[in-house]
């Protein structure tokens, strides 16, 4: 006779803080981490610089295009007057040798361009990557074969060389838009591959079978059951895509095929600084530092988001 | 042998990918280059000179015909122009440079040694630094070393290589005068000079990959250390060394091989920038110069050779993967 | 070289293994995982450690082997032939592990390294403690595989774990444990992951091997029917504490603690008579 | 086709399932399985790993498409039904899985999980979904106030009760339990089996109860089907199968099940009865 015993043996209710509270607390601990806090602060600064670049231009009285010969030492081959590349009250980050354009305002407008390109490319690759990744992962079969072959093909391509070739062959036209398209074409497989893998494992989970057994059709299953479990990964992939794009755009501009002058871009500024690297090192150090710190901050953010996302849903 | 059907399918996929690459590259250049003929004969050009060039290079043919001729050129060689002025170009022929008129393929092959020694040296560097750094971080998980190494690796990933190149040159060459400015000198003539010339380019190219590999090895090692068979190894009374280097490292290395296949595609891009900054006349610099002077055949040639190398690398990686992992190599009972 | 009976202990004092007041806590987490566990194991005898998940039975075995996870604090005493083990440096414990005290784990699928042949992994235990050439160790591995009745051992010694069924892999685990003729075998749920017919064979094999080698055994399981079959005496654990312990006959014939009685009552039996609702023939 | 009193709730005939093992070879996981099931009746399906018992259950739940054979539910053939017609069948059949944490969406709250089948079937419930969820939770012994929590915040036994509440909320006729208690501790297992029996009594559920543990099946099955290597080796009323097995495999299976030493059992029982009579009325 099987005795039914209520309560004596069963483990107590697992200690369960309110669901919302847990996520809120996790967010607070996430932000308290020094590296994350610094990165977020820096990125906010860069975003403000980018957004208010025109305002800053009015305040400082400098614009990214006009030459200021007065700040240059004509006798010494046009290197900026004063040390540290001509840093002064008027020119907070100094001026360019020979041309004398103000570096601070060019950094601000440069931030504007590269953030614009990086974020729009990220939006495209995330949308493309998530949808194609989910379709391939969830429906499998021939659809998966086709999408996977395309992804393999694109990933087997020496992207940088091909981008350079394409961009160099189209001299005119809206450069930023062209860059966004070219960057997105080669980057979406990276997101799609991860999303496809996760969708496949989620699709085999029993809670999807339970939904099917309860009469849910495919669309409901994809959006109501599978997608919520992918949100962590999507955020991480999107965050990590941005620094990738910023670095690649800067690389292309450095090689002269990205953002073409006169629109400033950090990569382009570094390229201009190459001939002066020994005589005026600040000229390449300043855009270089900004580029590095921006990519570094996004990468730290993405890395910590990844740990937080896997932690939250583990 | 279960391997044969798998590999033959994989080889076929590679051939298809290569053909697709050739087609796409040719198509892009066909539609994008303004006017190759005008480009060849330079500014002082009369219309009929341009016409003659267009005739000789078959540029007025429809797209598919030109592509077919180009494809035939790669696999069987082709002749440009007709009769006495015909120029023979043996297979695999990618055409002649607009600028120098030399055979594109021979130029690329002549530049290969520089790129190979750059890439090979960098590979040795990043594998050593990456794998050992990753392992130490995994073993010393949570210590200041681990946190520091991981932060440095994040930095390594974020540092643009041309910026690192400039910083190194400024510090090591200009300021501290430890190294000469990299000037190419053949290994046979002066090995130490060769080594000094390549040291900075190796560091610049290897930096990002060393960081990526360190993070990957660390993650793999930590996963593997959590496996049950590690507990079995400890319960058998093995010393820490065999536990680490045999039972933990072996499973962690296999994913590294597959990452190499994916990373190889970006390696050539990295080499291009590194060679350009340091002025090393490798295939990368060749591509960069061709881009500056809009020399389409050379750009196309480098792209095809690079794509070919990437496809071969991925094929070799798949082969290595199936040999390395017994569960793939040996079918179950 | 045949696996003979373990060498007679040359007059060593005390029980082969005695555990007194064993307590394991995780100070950082403020949790007490096992609390004041006491038992002794004699040569040739089997102690059954029974309890539900979270009772701390596996943690007890890891404490004895010195394989506790990071951050664990151990109190009390674990002595082997009178020699204290707790607090030993890992290098000293390593000499015992796999040689004098061996372990068998629950999940045969994940307890073997997929990248090395089974022969290598068995021989590895032998060479670590007995040395000898690679070829000689391979011979010992083949012999050990025959000992645990793995057919065609000579050929299968070079196979990989994924080429064996669950039951066969568990036999490999047992061979690995026995290859140095240990005094004590700790088996943590060795048959839980196996089908019932395979479990029967493995249990028979383990008791035969215990008879032939005279080793003592600590058998950990949640299944009362299995433990009644295997153990000479039993320790019943709940949430880290011993609720009752005694000979198998005492525990099963006159259980004293409420928890043991509740467990016995809750354990389903093949001959239970259960009143079920009457099915409705046809359907409304 | 109407159904009268003699048609069983479920009739499965010649069910076969083949999987593609390699280019040429097909692996037959289920080979010509058939059985009937009446209302408020439990069929125990036992067998070892690889016997095809789980595949059979998933075919009946129409989670996997059979290679051949027929499944009749309330007299109507549902083997190949799809779309709206299938939804009626889905409304009457629910599944409870082995691993509670894998069968409950970690990102959904308990309320969303339990009400999901109702929403997916577009069922209108008097008093709204929230009321139905609270009732179901209460009936399976869960605290209704916890309906906003996520599955990870519950113990194994409670998570399994959420799965049962999900099935209960839809008021199905047939509940397919695929190793539903195998992952639970013995004490919790006993309580869940108790709950399933009570629900059967109250709601006339029929169960297909798949398990590898014969002693567990003994607690709940009216009749038992024994499977081995995809084939149905023996089928019959519970007592006949357990006390007088005909097929060689069934006998081997039963003899392999470990038993508590009979003398100790009878010693304990007689002592307990002694206590009961001595201090009757407690």
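As written, the chains take the letters A, B, C and D, and residue 1 is the first residue of each chain.
Just so it is clear, contacts are C-beta pairs under 8 Å (C-beta built on N, C-alpha and C of every residue); 3 or more make two chains touch, one makes a residue touch a chain.
Here's who's who by UniProt: A = Peptide ABC transporter permease; B = ABC transporter permease; C = ABC transporter ATP-binding protein; D = ABC transporter domain-containing protein.
Being a predicted model, the structure only gives us computed values, none of them experimental.
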C-D against A-D, pair bridged by the larger set of C-beta contacts: C-D
Distance-to-centre winner among chains (Cα means, whole assembly as reference): A
Cα-centroid distance, subunit C relative to subunit D, in whole angstrom: 33
Centre-to-centre distance between subunit D and subunit A (centres being mean Cα positions), rounded to whole Å: 49
Averaged-CA centre spacing for the pair subunit D and subunit B (ABC transporter permease), given as whole angstrom: 57
Distance from subunit C to subunit A - Cα centre to Cα centre, in angstrom: 52
Shared interface positions of subunit C, touching two or more other chains: 52, 262-263, 265-266, 268, 272, 274
Two or more partner chains touched - positions in subunit A: 2-3, 5, 8-9, 11
Sites on subunit D touched by subunit C in the complex: 3-9, 38-42, 48-49, 74, 156, 173, 185-187, 189-190, 193, 197, 200-201, 204, 206, 212-216, 218-220, 222, 242, 252-261, 263-265, 267-268, 271
Subunit C residues touching subunit B (ABC transporter permease) - in the complex, by the definition given at the top: 65, 67, 94-99, 102-103, 105, 107, 110-116, 121, 124-125, 128-129, 159-160, 162-165, 173, 176
Subunit A residues within the subunit D interface of the complex: 2-6, 8-14, 16-19, 205-207, 209-216, 220, 224-225, 228-229, 231, 313
In the complex, subunit A residues that touch subunit B (ABC transporter permease): 35, 149, 152-153, 155-162, 164-166, 168-170, 243, 247, 250-251, 254-257, 267, 270, 273-274, 277-278, 281, 284-285, 288, 291-292, 295-296, 299-300, 303
Sites on subunit B (ABC transporter permease) touched by subunit C in the complex: 227-229, 231-239, 242, 246-247, 250-251, 254, 325-327, 330, 332-333
